[in-house]
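The following pair of complexes shares a single chain, subunit A, combined with subunit B in the former and subunit C in the latter.
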Partner chain A sequence: MSSATLIRIALGAYLLIFFSYLLGPLVVMSLTAFNSSAFPSVSPWACFTFEWFGVLFEDKHIRDGLFYSVLIGIGTVLLSVSMGLAASIVLTQVWPRFRSTYYTMIIAPILIPGVVLGISTLVFWDRVGRFFGAEDGSFFYELFHNGIFLTILGQSSFIASYAMLVFVARLQRFDPGLTEAALDLGATHTQAFRKILLPFMRPAIASASVLAFLASFENYNTTTFTIIDYKTLTTVLAQKVRLGINPSISSLAFIIITLTVFAALIFEAVQRNKSRKDAMRQGRLKPGRGVLPGFLRGNPAAIILVLLSFFVIAMVGTAQSYSPEQCKIRVKEARQIEIQKRIEALQKARAEERAKAAEEAEDAVPAAPSPSNSGAFGNVFAPGNLSGEEESEAVPEPAPQGGSGAFGNVFAPNNLSEDTPDEPEAPQGGTGAFGNVFAPDNLSGSE
Partner chain B sequence: MKRNLPFSEFFRNNGPVMGSILIGLVAFWLIFLILLPQLSMLDYSFRFNLPPADVGGPKDVYTLSNYEYLIYGSDESKQSFNTVDLKVFVRTILAAMVVTVFNIVLCYPLAYFLGQAKGAGVARLFVVLLIIPYWINEILRAFALRIIFGETGLLNEALMFLHLASEPIDFIRQDVALYAGLGYAYILLMLFPMYNVIESLDRNQIEAARDMGASWVHIHRRIVIPHAKPGIASGSTMVFMLSAGALAAPQILGGPSSLWFTQLVYQWFNDSLNWQQGAAYAIVLLVSTIAIVLTFMRVFKVNMGDIGK
Partner chain C sequence: MSSGVAVDLENITIRFGDFTAVKDANVNINGGDFFSFLGPSGCGKTTILRAVSGFLEPSEGRVLIGGNDMAGIGPNKRPTALIFQNLALFPLMTVWENISFSMEVAGASAKERRRRADELLDMIALPGQGDKLPSELSGGQKQRVAIARALCANPDVLLLDEPLSALDLKLRQHMRTELREIQQRVGITFIYITHDQGEALTMSDNVAVMKSGVIDQIASGHEIYDHPATPFVASFVGENNVFRGRIKSIEGGEAIISTNRSGDLVARITPAEIGKLSVGDEAMMFVRPEAFEVAPEQGGTGKNLVSAKAVNEEFEGNSFSVFLEGDGGKLIKMSVPNLGQDRISTRGHDLTLRYEPSNAVVMRAGELASE
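Entry: the complex of A and B
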């Protein structure tokens, strides 16, 4: 084997490990959203179900959290994007000697731990409120102890740095001659800003806004300190995950993952379409005829996007009509059988134990003659042993004299009644070799 | 803006209205959102935790007791040092370093592969694949790992199925889940800066080195890594700071007996309602992590200006 092949194999294995580390947990989590088992898991797969989506949509905390998350996200976008834009413009004009210090100052918030930012925001505005001599209930007190207001400030303090980085990259390509020309032609500074710089920055503003919104939406470390009385989606999730989990969180994750995949694919498809059109305009690409419409040609992202949309529509359609009740009953039965088996195994073990004990006892005291027939194994196998209390009325006649086997009434029906499943048929007074030994009430014989 | 306009004429260059708006926004950000909050937290950390009535009164004096508590513990305790909290602190810092190194090792080959990949299509697909987990909520990512590492989780089931383990391994208590989760949470902040710098490396340099007989190790040590240094530094700084300051992953994936330093801060604030003590702990965390980052930057000769590129 040549070393080139070896390297290729190693690279392939490495890529596989890397991407399974990165994507594997998300896939597993998505799968748990469709398992009917009450704890999020995949390995004992019970039933395919959509019920957790229903549970999710019913959850009031999550809906409230979503509302406040969006509200805070919008506020943070407005504040952080404008601060980031201003900071990046100032960066281009600040004294060259001062530039690196200034850059350090505006980049530092990214590096400050979110916990610290949250605490400092909380502490500072609490003090500002006190400085104004605000009493409980007054406007300032309410404002400076309002979770939404504080969270927007706390998040903006570092999200503005992210926005600033986006703007700096774009500003490097701006030609200040344009602004100068506008000013020479009689525009005011505000007009020049609005008509020249802002349109030029528009793509950067759009991407910075998306970035800021997402960063705000998923922030936890800062928010958990500043949010006080309110809840954002992230803090609700954190609380749920810490206290007790059910797969409705997985279904939320599945929705978010699907949306992310869609957004990524749309972005990619639009990019490819644009570059294809550019190529066509420059005459590098002939608008050939094909089976696929132009949008999809040479654009795998768009094709995947269309397929995925069909898949999601089909899934939502299925979810409306699909009902896993049948399967759930089966799973329940299977579990009951398993429980029964376990109980029987336990009983057998106990019976053997008892048998030993009884043998020893028999050596000492001869067994009392019993009127009823008693099999060697007594009532071990009496079906009623496994039955619940509620079925006792189904027993037609109490056995007049319960058989007393060597094992006595150890296995009397009610011994195990608590966690045993329903038994459809109650035993009749038995006949045959084992006779009515199996009668459920045979403990009476030992009186 | 390529031309340097003199900053002293800022208002003339931008007009009085726009100039004031720009300066006002930057000033608001740096002063009211960064500087004053940090200073007031620092101030808080030197004060006693007093009932509201005593605040501003004669008892409201500066003290070092909050910091002393971190080092020596309370007066009642028998031990001479606050071993519990100090241990948590050291563990947090060391574990954050380990996570950073782990991420460098894991990301470097991929960043190199993506940065130097010949076909743009494959690299682009990988980048899209990478961005997807990046936008999933931090909590949900930790939750995903919890499903895998839990006692009845996928990993345990798989190990039992393969007869590699006879009974469930408690990955959570062993902190395996926590380290995996921290490495997972910020891995892309390591990858993308590395990828960006390696992408800008001229492939001819590598070809030339190879033609002259440089070994594979040599090429990386002498050409790729020196070129990628700002990216590695930037990624490491972010991963280290974020891991040391992480709260969600330790809360969700941490074992019940082992805490992360941020969890102590959280407890002081939310459970004990002792903001002063919490602020002192937060200051310790902030100062020590920044000091560590600056030390490493000095050692590896990296500038602050490289961060965030």
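Entry: the complex of A and C
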């Protein structure tokens, strides 16, 4: 094997690992959205289901959170893009000696932890309200204690810096001669800005807007302080994780991933179509003939986009009619049968033990009626205990079967998967905080 | 068309901090003239242009356009249009939008703008190219679009900042003629900035030669070439052989200079210095390469003869350039028109060169253009 092949294999392996590291979690999460298991999981795979999407759409908290996240996102985009643009233009205009100082000042919010920004925003606007004597219940008091207002301000304080970085990169390629040319041709400064600089900045404004929106949408650590009595998607999700989650969150993630993929594909397809048209206009490309319509030709992104659209439509269509009830019943039955088997096995084992114990009791001191021994200290002081017979130690052994760990069986995989508490397993499995360790039967050794 | 508006610069001084970019410039430009500022890069000519167009205010002095003081009037309010060195066409607008930008900001309707843009496109010989983007045009076409855009603003004065410097030689020569033609057609005042003396001489009615912020001479191209006022002008405009020495005697308009290495030579005193030179002054004499010829009688000694040894010869198509070494290693260049000769000289041969005293100028010694 030549070294080139080796390198190629190593590179392939690296790429595989890298992409599974990048995309693996997303794939797993997307899969959990379609598993009927009540806890987000892939294995054991129960049933293919769309029910979590329904659960998601019916969850008022998530819906509200999503609405406020979008609202705050739009507000943050407007505020931070305009602040970032202004900051970047000032940066190119200020006296060179102050430029680096100014830059450091403007960039500082990125380096400050979001938590600090959140708290300080909250405190600052409260103080501002106090300072201007805004009374409880007045408009300004309400405004300065409004979660949406504060969150937009808090997030914009550092997202504006991100936006500015995007703008500065673009502005560095701007020829100030263009503004001068516009002025020379009679434009006012406003006209020069609007007709020359702004169109030039448009791509940067678009990318800064997307960046700002995403940064706002996913922000948690600033938002959690400034949001007060409102909620955004991130705060709702954080709450849910604390209180126990279900796969409806995965279905939300799946929707977001799908939308992102669609947006990326649309962007790519439009770009390719545009460059193709340009090429055709300049005569570099002949309008060839083929079965595909022009938009799809030489445009893999557009083709994938169309295929994916069909797939999504088909999926939504299936979701309308598909019902996993049959499967669910089957899964439930299978589980019940399994549990039944376990119970039977357990009962059988206990019966055997009982028989053994009875035999031994007959052999040993007949005066000690072991079943009656249910005192606070169990049998520990019973004379038979010290008789050195191994067998008597074996008596409590059935207890671990019932889950006698410090926390019982709370972490057992099946524990959360069933929402029906009337499972026959429950009384057996002992789901109390300490399992069944203090149950009177435990130490009695017999039933 | 208007007959053009005069531009006057009165005692203009422009300073950037401690640096004086332009020092006490006085220029009167007649209405409808093609006026050039010629000088090496960094001599302050662009600074003057920016002061005229209003991008900067002179530290001292006044700019008058059509007799009106322009102090405090911004570039968008002045009756000037500037063609930038890099043209500064708006890259995101089509050609016709570029051309009619001045009308757009003035609030003209799209239809009206399109009509005017098409007119101008016809004038610059680019009909039907209005919907292209500037990036789709060639260098010369961009050049013409920039001119059309400036003309669309109906300026009284058109300012051009080395607009041809980015073009290749052939196109540059073509654009020279075209610019001159356009100027004569529209009849407005052109102020042209260049470091290329060929451009300045071919196109201009008058040329101002600048050296590090100071205007050395303002005159017609012909006069600047034939009667340079300073050694800088003599050496910067065209090629010249310089002979240093002292004035030995003065006789009317002519002087005899005893040169350091080539003996006594006679030359005409440049008009600017007639009556100012006196015997014993340190002086410089300039003889253009084309003013030399090989003397019919070799070996003579006269006040208009220089003996030198041929070193090298270059064929330049329309002429031969002969490089010679005079007494004491003095380098001399002679240019002989190509009239079908095979060669002019043989390497290592001694030659006697002759010139007409009226084709040589003498003036007080001074700074030369460093080339």
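As a working rule, the second predicted complex is superposed on the first by the 356 of 447 C-alpha atoms of A that agree within 3 Å, B and C clash if a C-alpha of one lies under 4 Å from a C-alpha of the other, contacts with A are read in each partner's own complex, and residues count from 1 in each chain.
FYI, contacts are C-beta pairs under 8 Å (C-beta built on N, C-alpha and C of every residue); 3 or more make two chains touch, one makes a residue touch a chain.
Keep in mind that what you see is a predicted model, and the values were worked out from it rather than measured.
Based on the shared subunit A superposition, would you classify subunit B and subunit C as clashing or fitting together?
Overlaying the two structures gives subunit B and subunit C room side by side.
Return first, second, both or neither, reflecting whether A:Phe149 touches subunit B, subunit C, both chains, or no partner chain.
neither
Is A:Thr188 touching the first partner subunit B, the second partner subunit C, both, or neither of them?
Both partners, subunit B and subunit C.
Among the partners subunit B and subunit C, which is in contact with a greater number of residues of subunit A?
Touching more of subunit A: B.
Figure out whether A:Phe124 sits in contact with subunit B (first) or subunit C (second), or with both, or with neither.
In the superposed model, A:Phe124 contacts subunit B only, not subunit C.
After the superposition on A, what does A:Tyr141 contact: first (subunit B), second (subunit C), both or neither?
neither
State whether A:Thr104 touches subunit B only (first), subunit C only (second), both chains, or neither.
The answer is first: A:Thr104 touches subunit B but not subunit C.
Looking at the overlay, does A:Phe132 come into contact with subunit B only (first), subunit C only (second), both, or neither?
In the superposed model, A:Phe132 contacts neither subunit B nor subunit C.
Between subunit B and subunit C, whom does A:Pro199 touch in the aligned arrangement: first, second, both, or neither?
Touch partner of A:Pro199: subunit C, not subunit B.
In the superposed arrangement, does A:Leu23 touch subunit B (first), subunit C (second), both or neither?
Only subunit B; A:Leu23 stays clear of subunit C.
Give me, in Å and rounded to a whole number, the least C-alpha distance separating subunit B from subunit C in the superposition.
So the smallest C-alpha gap separating subunit B from subunit C comes to 9 Å.
Intersection of subunit A residues contacting subunit B with those contacting subunit C?
The overlap between the subunit B and subunit C interfaces on subunit A comprises residues 175, 188.
If we count contacts the way the header does, which residues on subunit B are in touch with subunit A in the complex?
1-5, 7, 10, 13-19, 21-26, 28-30, 33-34, 36-38, 40-41, 44, 55, 106, 109-110, 113, 124, 128-133, 135-148, 150, 152-154, 157-158, 184, 187, 237-238, 241-242, 244-248, 251-252, 262, 265-266, 269, 275, 278-279, 282-283, 285-286, 289-290, 293, 303-305, 307-308
Can you tell me which positions in subunit C touch subunit A when the two form their complex?
Subunit C residues touching subunit A: 53, 55, 74-77, 80-82, 84, 86, 88, 90-92, 101-102, 104-106, 136, 149-150, 153.
Please name which positions on subunit A make contact with subunit B in the complex.
Touching subunit B from subunit A are residues 11, 14-15, 18-19, 21-26, 28-29, 32, 39-44, 82-83, 86-87, 89-90, 92-96, 98, 100, 103-117, 119-125, 127, 130, 153-154, 156-157, 160-161, 165, 171, 174-176, 188-190, 193, 214, 217-218, 220-221, 224-225, 233-234, 237-238, 241-242, 245, 249-250, 252-253, 256-257, 260-261, 264-265, 268, 301.
Name, in rising order, each residue of subunit A that touches subunit C in their complex.
175, 177-178, 180-188, 191, 195-196, 199-200, 282
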